[in-house]
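Here come two complexes built around subunit A, the first alongside subunit B, the second alongside subunit C.
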Partner chain A sequence: MKRLIVTLAALTAILLIPAAVMAQGYATKPADAVIIPLGVAGTDYSKLEPGVRGGTVYVGTISNPKKWNAVTAHETSTTQYTNIMQPGLVNLNPITAGYDPELAKSWEVSADNKVITFHLRQGLKWSDGTPFTADDVVFSFMDLYLNTDIETDTRDVLQLPDGNFPVVAKVDDYTVTVTCSVAFRPLLNSMTANIMPKHKLAQYVAKLNPAVAADAFNQVWGLDTDPKELVGMGAFMVESYTADLNVVMKRNPYYYHYDSKGTQLPYLDKYVVLTVASQDVMLLKYQNGEIDCFAPRPQDIPILKPEEKTKNLTVLVKGDQPGFGTTWVVLNWDTQNQKYRDLFRTLKFRQGVAHLFDKETMIRNLFNGLAVPQWSPVSYLSPFYSGRETYAGPVTEKNAVVFEYSIDTAKALFDEIGLKDVNNDGYREFADGTALEITLATNAGNTTREGACLIIADDAKKAGLKITTNFIDFNVLVNQLMGQEDYKAIYLGLTGGTEPHSGANVYMSTGGLHAWHYSAATGDITDVEKRVDELMNLAAAEFDLDKVFEYYKEYQTILSEDLGFLYTINQAFIYSYYNRIGNAQVASPIATPSGNNGLTMDLIYKKS
Partner chain B sequence: MLTFIVRRTLYMIPLLVVVSLISFMLIEIMPGDYLTKLKTNPFVTQKTIAEMAKRYGLDKPPLTRYWFWFQGIITRGDFGMSFESRRPVFATLFESGRLMWTFIVSLTTMFISWAVAIPLGIYSATHKYKASDHTLTFFGFLGLSFPSFFFALVLLWLLVGVFNVGQHGLGVGGLFDNRFIDTPWSLAKFGNLLWHLWPAWLVIGTIGMAGLLRYMRASVLDTLSLQYVQTARAKGLSEKVVIYKHVVRNAINPLVSLLGLSLPNLVAGSLIAATILNLPTVERAFFTSLTAQDDYVIMGALLFFSLFLLVGNLVADILLAWVDPRIRYN
Partner chain C sequence: MGVSRLRVFGALACMLALFAFVAFAHTVAELEGIAANELVPAISAAAGAALAVDYAGKTEAYLLDLAANGRTIGLRTAGSNALSAIYVKPVLEVFSMTLAKVQTPSVKALEDKMTAIANGTGPEMVRASAIDALKQIFIGEVSKAMRNTASLKTLASDMTKTHEFRLAAAKAYYFMSKGTASVVSIKVLENTAAKYASDELAYAAGELLGDLYVGFFPKTKAESETLAKSGATLVLRVAGQVGLKPFLYDTPVVTLETKILDLLNIFPEYRQAYQDALAYQYGL
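Right, the complex of A and B next:
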């Protein structure tokens, strides 16, 4: 009997010791933890539900990541991983697109609007157990983003209108101040920038460690790095990477999000991203059950919809959540030929062309009905979108500037400005009789854009306007768009965000992407462009969001009426998932912290 | 013979230099460069792009950049860095065992397609103009004319949509099923690898098979018409001995040099089939660098493929001399 008790005790000790050694994570939930009120009535998350821990989910993606360095990342194939590993001070709410406190639990703006004080969450740890403090925040901004040795896209969005940069300073271990030379409200948008671990990365920054080369940080945390070296505050960290095959992400034991029941997030032990180069094969793998959830193309929906019952999956179509970004036709106001220059600068001509856009046919033919017409430079999802009537209010489209599809109206407008078919060849000529032909270029291989151009050319013919399509290499197209080669018209699109000021480079008269009228920067500025510049600056300096909304409302109205870009359509958000995945209905184009193809990964769980 | 090999090896060096120069000029002719796509990002200013151009050396004239790259190879063995991932060129091309997988896929495919095509070619020749000959030729050309991406897609669709392999826990595409990701090697894992490789053998193998089959058939027919075959038969040897000991041994000569010429296909094989079937090959890394205009990775890959081409040609010549005593180089 004695022997039995001793053996049992020894066995218990042997079993418990490894458990004690392996135990990672917080001993108790941190006081400043983020509580996600899943399933709680009256909150943004009421439609979701608390889940259970455990399991692995498989998702798909098209390209390999290029590196693990969030600061130097340039494209989404990389940021889909780095934005999960290293969140910022604030984050976008996946349901409302508003700003949620993330690593900062609260912030105040000073009376003169020039200083923002962030109060960081206390008691949090990096994924390797090191405490998170204000030093990491100051390091990220002052030694990384604002350090000219470092190659990063973020420096541009941090720049203030007067050319200066904000100064981020430590007040104490959990308080930082961001001081600007001018009041700049959109800076809050830039506070989603990834916060990086000083204790791991300071040694690679030449400014702090003169022993390394100036370029050293730009090469650190490349794909050859041992994943154990990667440290972050996010829900998941990279566990392994196999080129062209998969990336395995594993749970961060020190993640500071909890659900309303007190369960630490994320629910999943791991999620695996399968790299599948062909979207057709991704659909096949999804149907085969190897991928649990993914973003299908519009042409995949008729294949998946009938399988909803047989395979127990859901197809989600959110017409009220088209993606960020704009798609448009641009007429070159600076084209070489004077006649075309004058024509494109005539508002009535641009209006006539806008009336030629048969958006319903484009939606039906190119997107299987899964798209919405677009009219504004600001993304639909933005709380400043003036299809709403108030900041973050519901979309009513009362203020929409709409050019109805009407060949007759287009004809009347072209007649008015003197474009007539003199030689009876079916096409209008200039008033002096010279031939009028507009080449509409887009990138070859993008079938939806090619299709849209063909539809536009077809409708133009009905109104007697000769538009010839030209599908060319993407790089040639970009050279033309940047004003390095002449062009008449281009069909293209740009990404966007929730903050309209992030379009400054495009819509302000001196912007590097002010594609329809680069000469505005050298004095040839119109009244509309002057007012747009004014409104951008007013909205950037104002902190009362209702006032800001009014500024952006006027901004969107005059830009849409001026038709610098003639907007077309925007694809609705589509997603599909097997019903064995819980909370997958949170899928949206806002997904953050940059979930995979639209999922907020820390809320997903596996149903038994 | 040794002097021949040494001379040929030395010739490779100026040849590779010329290849690199021509490749570089072709890349320069392509419109735009690595930074062109970034210009359409509305959040990035022209100033930042200009800084990046300076950092990557893209603001310098093409010949200067070529000279710096060339110097790097000669003096430091440095083939340059990838713009996208900021790693050395060959680390990018060969990451995660890509080179090993490329060889495994292409060697097994080549072995199987040769092992099938040669006997079928012999059979076809010895049963000339019979129904079986016509049938083999027909299927050979069918395999040749089917576009590989279509064949691969249809094959995967058959497996998923018709045979429903997912129900049996089997995946399609890639190298392993989900449950074997990051697990150690085992018999089950090896078996799973074979399951994922056989579509590649079928799709990629059938492309080369038709040509090989017809080559072998023609070669055997040529040899069968020679006088010594008649003599062998007159001597009373069995047909089997005549064919396999005398005819095939001579008929296989031209195919042996073909083997050497197939060496480049080991590394630069079927890109489209590999993309559809999700196989991690070197050529896929090359294609990614082409679309991104990652100049030095493209140069590195082109040099690598050219090296295999040149070595393949040399191997073909050596094999020919080895197999055929009538051929001697000096």
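Right, the complex of A and C next:
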């Protein structure tokens, strides 16, 4: 009998495997497919056009991914792949930045704003042919994002103003409810979180499988994973990864987007992400036609503009549209050396450093004028940006918190806190005479960041502050920023969006990316941090957008004054593509085909 | 006298006949005909430049021979430009990985090979074939911190090196300096009192100034022409040349060819703009 069972099991396995291998997509278009109205007048997509299937597009990167696990990812070098592999219940419209139904086809909000009922698309399948159901949604939220065994930033943005978390429950195979203890305005934004396949990943969750360690899921889907094991519902899946060389993404035969002519998306068979040594090499490869589209730096525009005609490419420049996201210097308030810890926690020191930032020179020298000074944690394009005076009003910068570039002011502040050049070597020491030297690190190959660091170091020298630069691998830099290795100062950036609450993982005192002061989460919290936490919760519970604007205005002011991040520059939107790529003109600050939010790569096609 | 006048007339008649023949899209055979038989060097060279794309599949040995020994400037240009594309490929490959993984010995080996060509004693168009690849090697080396940008300026002014070597270094220097306002800005590059340590540096500066005009501060066609013809310095004339080209790309072939005839031995930068535009039109 036992032998029979074993034989039957083996037979089943043999029968199943070929079925999985043969899984080649939907026999017919699912009834709940998403129809993208490309070229249809009166729609958001009217300026784009239906394309043709086939071909491969090449884009570039200067970093390897860190992993394939969307849930535990903290870095764009990973999310540029995971965001395209695993969409959420809702997704960002790449044209309007509004929320579009994605894996959920519709939803209703209860009268008290505490319950959202999502109706899932029926008939969809994961890339391995397994049906998608409500079980996957409940698993993703209740067993992954809200599971404290799992290191994920998403939990921070899901936390409700009263400290509780939403409860996601299954009603039936295609209906889930999300119930909040208090009304939570940004909840819909949180529903963009990647939905993960329960049938592949539940085995790694200790809560569901006691045989594995509590942190097992944190290690799963690392770079050594066979790409065949990676399952998603997005437009593309990883086909292969060669460290330091490339990632090949192939079409998912079970993607559920179709164009208005009934053609299943994506149009492309594949897209390949080529790893290159630096942004300068990326420009050379783009000029050579080996890369089809990319985001040039402002300094690259003079090189590319004259080639528009001869090489049949387009350079898009939107000077009045700085991109989403922030760029900043962070001083590590938790660095190991006590003297530096005390120094970095001294507001006057941080103010002095902020006065060293010659933003106009950075804009002129590094960005050819195509950038604006940045001072706020909220993206310039957000309707909540308090460079506006009202919600969604025009930008006047009347509320901007400005630290004017002034070497003299920096010197005065450093003098005030007792940093003096005791040994007359041109550099200040600590009050007790010990040497003071700050290493400012950024990612090697990113020449604008490298250039900014050099400008800062140069100006610091004029004020007698010794800053030395160190350009290192992006993923190593992220490790430092995550607190896994000690550091003094880092120059880096974060992605952003229209909803300030999506920065909760950074700006809340308990946030997983509260990079300058992780120990705030264990009680070492400042008054400013307490107030920021309060404001984020107040704004999240409020539905009157004018009131929300006022909360976020104070939030931006106090964060900017407190200088947890010392903001620098926000670059204008620039993109370039060869005209052989159809629909590439969809590129905007919201989404670019080669960007890290995974949007729009499914809309582009090869014209020849 | 009568014989020479007849020769001139005969040459012109050939050219006019050729222009009529090639009024429309150009086949490879037609371009080869122009490159091989055209008496006006700039027109021959323009055809050669257009041919380079069609010669991409030929062997390195064939192209080397063509670049060295092609009977006309057009044939030698075809060989040189096609060879250039072959030489650039391995350079981009060696930098097609994360910076940490780029192998310094591989970069050095390529630099040595391209330097041997660009700085060698071979014919002019063979030396020219290595300019682009060497420029890109220098750029990659700065990324890898194998050299700094300032060293490129030194290389670009080294008179013990060939013109081609210096030009590669000069182009790389300005490429890497394009984000540095103290080196690359309209004000700095337009300064007619500025001294350049070599003509190659001035040429590369002019190219970038022209790029800045096209990218950020457009000039009219008339302004660009004036600059290209009679700019006070090489920098300004080359800038005018670069700025003029976008205005010429839609100009009919016959118009471009006729204009080049008018500029046979004068205004080299101005003529170059027409030559490059003609190469573009031939290649369509």
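One rule holds for everything that comes next: the second predicted complex is superposed on the first by the 347 of 608 C-alpha atoms of A that agree within 3 Å, B and C clash if a C-alpha of one lies under 4 Å from a C-alpha of the other, contacts with A are read in each partner's own complex, and residues count from 1 in each chain.
Note that a residue touches a chain if its C-beta (ideal position, glycine included) is under 8 Å from a C-beta of that chain, and two chains touch if they have at least 3 such contacts.
Being a predicted model, the structure only gives us computed values, none of them experimental.
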Partner contacting more residues of subunit A (subunit B vs subunit C): B
Partner chain(s) touched by A:240 [first = subunit B, second = subunit C, both, neither]: first
Which superposed partner A:309 touches (first subunit B, second subunit C, both, neither): second
Which superposed partner A:156 touches (first subunit B, second subunit C, both, neither): first
Touched partner set for A:466, first subunit B, second subunit C, both or neither: neither
Partner chain in contact with A:53 - subunit B first, subunit C second, else both or neither: neither
First (subunit B), second (subunit C), both or neither touched by A:366: second
Touching partner for A:272 - first (subunit B), second (subunit C), both, neither: first
Subunit B versus subunit C as contact partner of A:513, first or second or both or neither: first
Contacts of A:72 with subunit B and subunit C, given as first, second, both or neither: first
Those residues of subunit A which subunit B touches in one complex and subunit C touches in the other: 63-64, 244-245, 274-278, 280-281, 284-285, 288, 290, 473
Subunit B residues within the subunit A interface of the complex: 30-33, 36-48, 51-52, 55, 84-87, 91, 95-96, 98, 153, 156-157, 159-161, 165-166, 171-178, 181-182, 275-276, 278-281, 284-285, 288, 293
Residue ranges of subunit C in contact with subunit A within the complex: 88, 92, 95-102, 136, 139-140, 142-144, 175-176, 178-182, 185, 208, 210-212, 214-216, 242, 245-246, 249, 280
Partner subunit C, residues of subunit A touching it in the complex: 62-64, 244-245, 274-278, 280-281, 284-285, 288, 290, 297, 299-306, 308-310, 361, 364-366, 368-369, 444-445, 447-448, 451, 473
Residue ranges of subunit A touching subunit B (in the complex, touch as defined): 58, 63-64, 66-67, 72, 74, 148, 151, 153, 155-157, 215, 218-219, 222-224, 239-246, 248, 272, 274-278, 280-281, 284-285, 287-290, 473-476, 478-479, 481-482, 492, 494-497, 502-503, 505-506, 512-513
